[in-house]
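After this come two complexes, each holding subunit A, first together with subunit B and then together with subunit C.
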Partner chain A sequence: MKKTFDWSNVISNIKSYVTSHWFGLTGLLLLFIFLFITPSFLTTTEVGYLINLWVLIITAFVLIVGKVVQFFRKNKHFVPSESAPLISGLGSVLAIIIGLIVGLIIMYIVNPEQAFQGFLVILKGGFNQGMASFGTMIYYAVPIILTGLSVSFAFRTGLFNIGASGQLIFGAFVAVYIGIKWDFLAGVPFLHWFVAVLGALLAGAAWGAIPGLLKAYRNVNEVVSSIMLNYIAVYWVAIMIKADQSIYFKTQDRLYDILPSAVTPKFGLDQIFVGSQINIGIVVAILIAIILYIILFKTTFGYELKAVGLNRDAAKYAGVNAKRNIVLSMIISGAVAGIAGAMIFLDRGAWFKPEIVLRPEGFTGIAISLLGLNHPFGVVFAGLFYGSLERGGEYLNLLRFKHEIIDIIIAVIIYVSALGLILQKLVIKNLKWNSKIFQKIKRVILKESPSDQSEGGATQ
Partner chain B sequence: MSFLDLLYYLVPLIIASAVPLSVVALGALFSERSGVVNIALEGIMLMGAFVGAVVIRSLQANSSLSTTSIALIGLGVGAVVGMVFSVAHAFASIHMKSNQIISATALNMFALAFGSFIARTFNNTIIISTQDVFRIPSVPILGDIPFIGNLFFKGAYLSTYVGVIIFIIGIVVLYKTKAGLRLRSCGENPQAADSLGINVYRVRYAGVLVSGALAGLGGVIFLMSFAQKFLMTVSGFGFLALAVLIFGNWKPNKIILAGIFFAMTRVLAVSFNAIPIISDLGLTLDHYLMVPYITTLIVLAFVSKNSAAPRAAGEPYDAGKR
Partner chain C sequence: MDYVVELLHITKTFPGIKANDDVSLQLRKGEIHALLGENGAGKSTLMSILFGLYKPDTGIIKVRGEEVKIKNPNDANRLGIGMVHQHFKLVHNFTVAENIVLGMENTKYGFLSMDTAIKKIVELSDRYKLKIDPNALISDISVGMQQRVEILKMLYRQAEILIFDEPTAVLTPQEIIELMSIMRNLILEGKSIILITHKLNEIKLVADRCSVLRKGKYIGTVNVKDSTPSLLAEMMVGRKVSLELKKKPAIPKEVVFKVSNLSLKNPHSEKFLLKDVSFEVRAGEILCIAGIEGNGQTQLVEAITGLTPIHDGVVVLNNEDITQATIRHRNNAGISHIPEDRHRHGLVLDYTLEENLILQSYFEPKFQNRGFLKFDEIRTNANYLIQNFDIRSGKGPETKTRSMSGGNQQKAIVAREISRGSDLLIAVQPTRGLDVGAIEYIHHQLLNERDRGKAVLLVSLELDEVMMVSDRILVMYEGEIVGEFDPKTTTENELGLYMAGSKKREVQ
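Up next is the complex of A and B:
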């Protein structure tokens, strides 16, 4: 380890961000206000919450604008219509908007009087009832973020892991089993919980390895095999539960409660988001996103995985062991899905039932992975967005709507984002249409004289 | 129970499972042979079965039509709904050149969400109950043949016969007509087909639409043979049909055998108590319900290595590619 992380680089980066334009300074000031001043005397009341929320929104806005300005100062000849991440990102946004509009239309057809009111409830989502609903939104987003990460990781290697559902249930079973039975671990703080999560990780990895091995060595289509494995996991787990009277609470048709030592710790997060079920699951999810990001973008192994996904034959020609990479990719993908299972069931009151039902998180993960553009950090934001929609759906039940409308919206969003081509054309067109205004803004930001501008044009 | 009684009990059950599986697998065959992978079959089946159930239920309650015509209307509605729904998949995968698995997954999710949403909005429950009156006591002349009559022509469902007829028509179209040949050529080498003046886009649209119609029909057949109460699920039959297709190596005659094989594994779960040797094993219902999926996995592991999948299936058509 010769090359260490360069902190001075980061510090100088922040320094230039703050000093180069007034957005940076204002943003930091607002962040300071949000973190230390407004919560201390305002959170208890509804108005205080609203002010707090607005400070947060404005802070985020200013910080993002500042970042954009800094970006343009660095990259003077940036052409938006040729930037792939920008176009696909805007494609995702467009897909979300179209999905919401379709949802609104269906709601209007079903129940015209309450349609717009209901739509607002969906849009407000996790913000409907203050910090409590915000915390609950994060709580429910965690397993979805994790399955999304699982699907997106396999997708990078060109594999479609539709079996996250089965890997999740298998991991969850092992986690809960450890949570009930391994009481000898209860002495050391968090050790029991950690071992349970580790068990889920290994179980999910094992279940994910099967379609990987079948794909690599027997050429079995991983989509069909992992669908079959979903059903097998559900039945097998049900059989194992019903056969073991020491874990099966027969009269209530569920597993016994896990021991308190195996419950996911909260580390004071429930003090910030008062009245919600939030625990450190979100920290686990973000940590895993960072780990996957490092694997994918900072290691040779990740480079090989992506190479196999982009062109299996070319990767083979370059000396990459495609079979090994396929299996490893599925193992990692399955492990993450297994952790998702642990995060759902390692909590009080989250009873594990031997039902013959495929958990929907596995399929929602596909949507999240697509919306997040298969990038670990994108998936985290897409997962939070879904969590917000999903909370909105719960509050919809107070009106005369059924929460399945959320699933319709999500399905439309996936479908529209699958229509990539037409969306990207639309986005590119819009960017070109905007480019005159865009040039003007750029000139203001860069404080360029018109002569610089023409020089830039000549090099393009 | 004597052996003959057992046979009379099991064979109709196997047929009732095998027919929807084979019909939907035939639909998958049409789509894949034209070059489009259609994993949306599960969703299309569900959509067909859902709308079919609603139509059948309202006809049974409000009209004085005969049982036969209600059944035929239900089957027709299922086919049309399936066809209309599959247009979305065809548009995405043919015109938009999008990832066929993603758009199909979206349709699967949409079908389930849409069905549950509509059913719960208007009826407060996802269960749609229809009357189970579609059995034919005995087919006229054919039911009187001593052994075969008892086996195949007594107490079977009308939808079964419709399914068998459709299956035969499907094979004839695919292998004995010009359109069938064109369809198959588009799945193997669309560029060559294009050079001979065949409109690849149009042929692929036809393939996907036919597969949608067959899947919708299969959904209603499933509804009539299994579910007096439609619970907004087709028990993974759409996915199993894909396994049947792969096991049948993309050939209709083998698809029938594969369909019967899978049907037998399913019937095992329903009837394991009635079969003397198997009921002694002491396994639970869950074990037998798991069998079809495990056999699928094992079979796929042995069959997939040398599969005769259409070469261009799953690839968007690119006229400039060699």
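Up next is the complex of A and C:
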């Protein structure tokens, strides 16, 4: 090993890195400006908001274009109509568009005068009232992203976890219980909160383990057992709450407020999204998405899980312990759903009531998982999109529309996504039709002269 | 010359592939016309077009000289075209007669009247010498008999043109001869037959003319009398192929693998699936287990490889008792397994080629570090195997195995299993559904393994393969080993008698 440092080499490395990644670097710089510089100069005024919005849009554009350029440079022989992720991704986008169009039609039937105005409100979604509504959109998207991640993870192992709702409520109960009772943790900053989340994680995991064990060792269909466990969780939690006078605020039929030390911290995010309820829940959700992504795509454990999900017989043939994997997958899925519960209720004013109602997040998570193509990052985007629609629905109430329009749109999107194959065929057809444009873009990106393009022409 | 069916200049394109490219086939009245081609050559597509399952892009179909449009199988039936499928379409708990009339039952005042139907069936059976008992249950009769029921079903529907799709795949040599004579009888009665096959000796035995397809293209039609098997093989593959396998004599060494008194019962009944099976495989030899499908071979391999638990008997590998060991333990202890069903067991079809190539070894330190996969190593491994075993695919290591051809999927499995360097290689029907080139290749790989001093256990239904590759043959019948043979001294006929259960002798 030579220890001498070759500076010219380093500099040329940096140079080539900057030239090849300049799109990404610019994007990151803009993101930094968006997050930390502009908010301090421009407060909630309309102009400031608009400027900040534009910075965000440009950032997103630069990052996406940068990614595309990088991709094409890496995969010179990329054929769009043969790329499965691209096709299914565009299929999802198409489903969204169809869902929105159906929504527009319904709005037009219900209330023709305000239909287009209302539709714009839906499209603007989380951007309706500047950073405040944007932050609130993220706030409400967090539990849905988490349940979506929960469902999608189990789905990768070939399991259909309909029990996210029960795992969520069980986790939420444990989190709130710790938040109220374990005041001895209040001394260290964030420790109380962290332990409460951990408690939710373990509770959700335990609740998810039951259908997993039943499936693995008794071959009980996990759909049936997990859906039944939803009800058990709801009733049991209600019984436990009412039995314990030290946590049950009887006159208001709810639990007591959690201690301030157990409230989910904001870490200054409320300074950026002024006037919103946002907290670091979104950071937790993204972290979990990254962790699940690493588990699924980078580890031997994920390799086994996916093998079991895609072909259980082949996994068995390869000596994979399918039973263990099923249980572990359900435990992880349940843990994530449990955290979703903690994220809902570890906040001021989020009162936990001993209601006999299944939380809708568990079921929305199934839809989000489907829309996000069961990929952790896809789920994050699908969840944010859902949050935006939800916000749009809230603002729709200002016009003469019902919030339920949003539910119809979501339902149509899911319905259309389920017809994925037809959509994908449509996408493939159009990609082919567009392949000349693709070739042109490719040529620009790769800076190739047209004469080098002979092999690219084979795609048509 | 009279043609009953003419398919003229048929072209059919599927996305990305021309399945039939200007293919013509003319069937004369009263002849047996063989349709020869490798897997993927377009035989099935052509027959599906004739049967109305696909619509051709261009080209015309003539039946008895008149141009027709066949839109669905019902049209085909109406025109007197009937198909005997490779996998029989019979209801197992119905009688023969019930199966035959199914779909066109005679009724009287809305009630089923079987008497006239049975009379007609018996009459047909006698006329074509099919020897069928119309009142027997399908589940009680042999596979050969079931095939005759299928034929009778077509005759009952007054089919004039019969298509046989790989009819001999499930038959013993004796049954094959019987089928051939039935086909001859059918011709004498004025029927015409299209025989889809890739077995050259059958064509030589029974067919009058033979049309060859290769990669969707029509290669030519020859009179079988004037041609030789090697000429047909050359037409089919597009190059010279050796139909003989050159092999050195085996040098068996120490016993690597030993099975003693292995028995297995069907959990739902008291029937034995395996009965007192004992044998041993030595290093440097290929032991072949022959038998007709469904005589316990699948169960035997599943028990040996750990896919089903063993309650009765002992399995020893390299002097280690692995009777109760886990699958993973067996694999690591030295068993490589090329499974019978490559889609069910052998591959995760939605994984890429490189991911499938580490299916048995992803947990080894070579491919992982503290639970994290080493993607560079995986890619290196894939490139190495792709090059050495000539696995062809669209996008190299990143190809989804689902999109690969059957032959290359099988090559991938063979590459994976052989590269692990296990002492015992179990290959179950490794050449099923493959074309001549791939079969040749896999046979060579098996022989190479043997010559390198590995023990090879080959389970095969194809007698040609058994006779050609193996050094020692065991015949299984109804879960029992009924005889041991030396391929040099035995004949296909003798094996066939044992396979059908009509002869039995003690294994030394």
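By our rule, the second predicted complex is superposed on the first by the 409 of 460 C-alpha atoms of A that agree within 3 Å, B and C clash if a C-alpha of one lies under 4 Å from a C-alpha of the other, contacts with A are read in each partner's own complex, and residues count from 1 in each chain.
Note that in this section contacts are C-beta pairs under 8 Å (C-beta built on N, C-alpha and C of every residue); 3 or more make two chains touch, one makes a residue touch a chain.
Remember, predicted model here, so these are calculated numbers, not experimental data.
On the superposed subunit A, the two partners subunit B and subunit C both fit, without a clash.
In the superposed pair of complexes, A:271 makes contact with neither subunit B nor subunit C.
In the superposed model, A:301 makes contact with subunit C only, not with subunit B. After overlaying the two complexes on the shared chain, residue contacts for A:313 are found with subunit C alone; subunit B is out of touch.
Aligning the two complexes via chain A yields an angle of 70° at the C-alpha centre of subunit A, spanning the centres of subunit B and subunit C, rounded to a multiple of 10. Residue contacts after overlaying the shared chain place A:8 against neither subunit B nor subunit C. Once the two complexes are laid over each other on the shared chain, residue contacts for A:238 go to subunit B alone; subunit C is not touched. Which of subunit B and subunit C touches more residues of subunit A: that partner is B.
In the superposition on chain A, contact of A:246 is made with neither subunit B nor subunit C. Once you line the two complexes up on chain A, you'll see the smallest CA to CA distance from subunit B to subunit C is 5 Å. Comparing the two interfaces of subunit A, the one with subunit B and the one with subunit C have no residue in common. Those residues of subunit A whose C-beta lies close enough to touch subunit C in the complex are 84, 298-301, 303-304, 306-307, 310-311, 313-321. By the touch criterion stated above, subunit C contacts subunit A in their complex at residues 305, 307, 326-331, 337, 339, 344-351, 355, 359-360, 362-363, 367-368, 371-373, 400. Listed in rising order, the residues of subunit A touching subunit B in the complex are 106, 110-111, 160, 162, 214, 218-221, 223-225, 227-229, 231-232, 235-236, 238-239, 242, 356, 363, 366-367, 370, 401-402, 404-408, 410-412, 414-415, 417-422.
In the complex of the two chains, the subunit B residues touching subunit A come out as 39, 88, 92, 96-99, 101-103, 105-110, 112-114, 116-117, 120-121, 236, 239, 242-243, 246, 284, 286-287, 289-290, 293-294, 296-297, 300-302, 304-305, 307.
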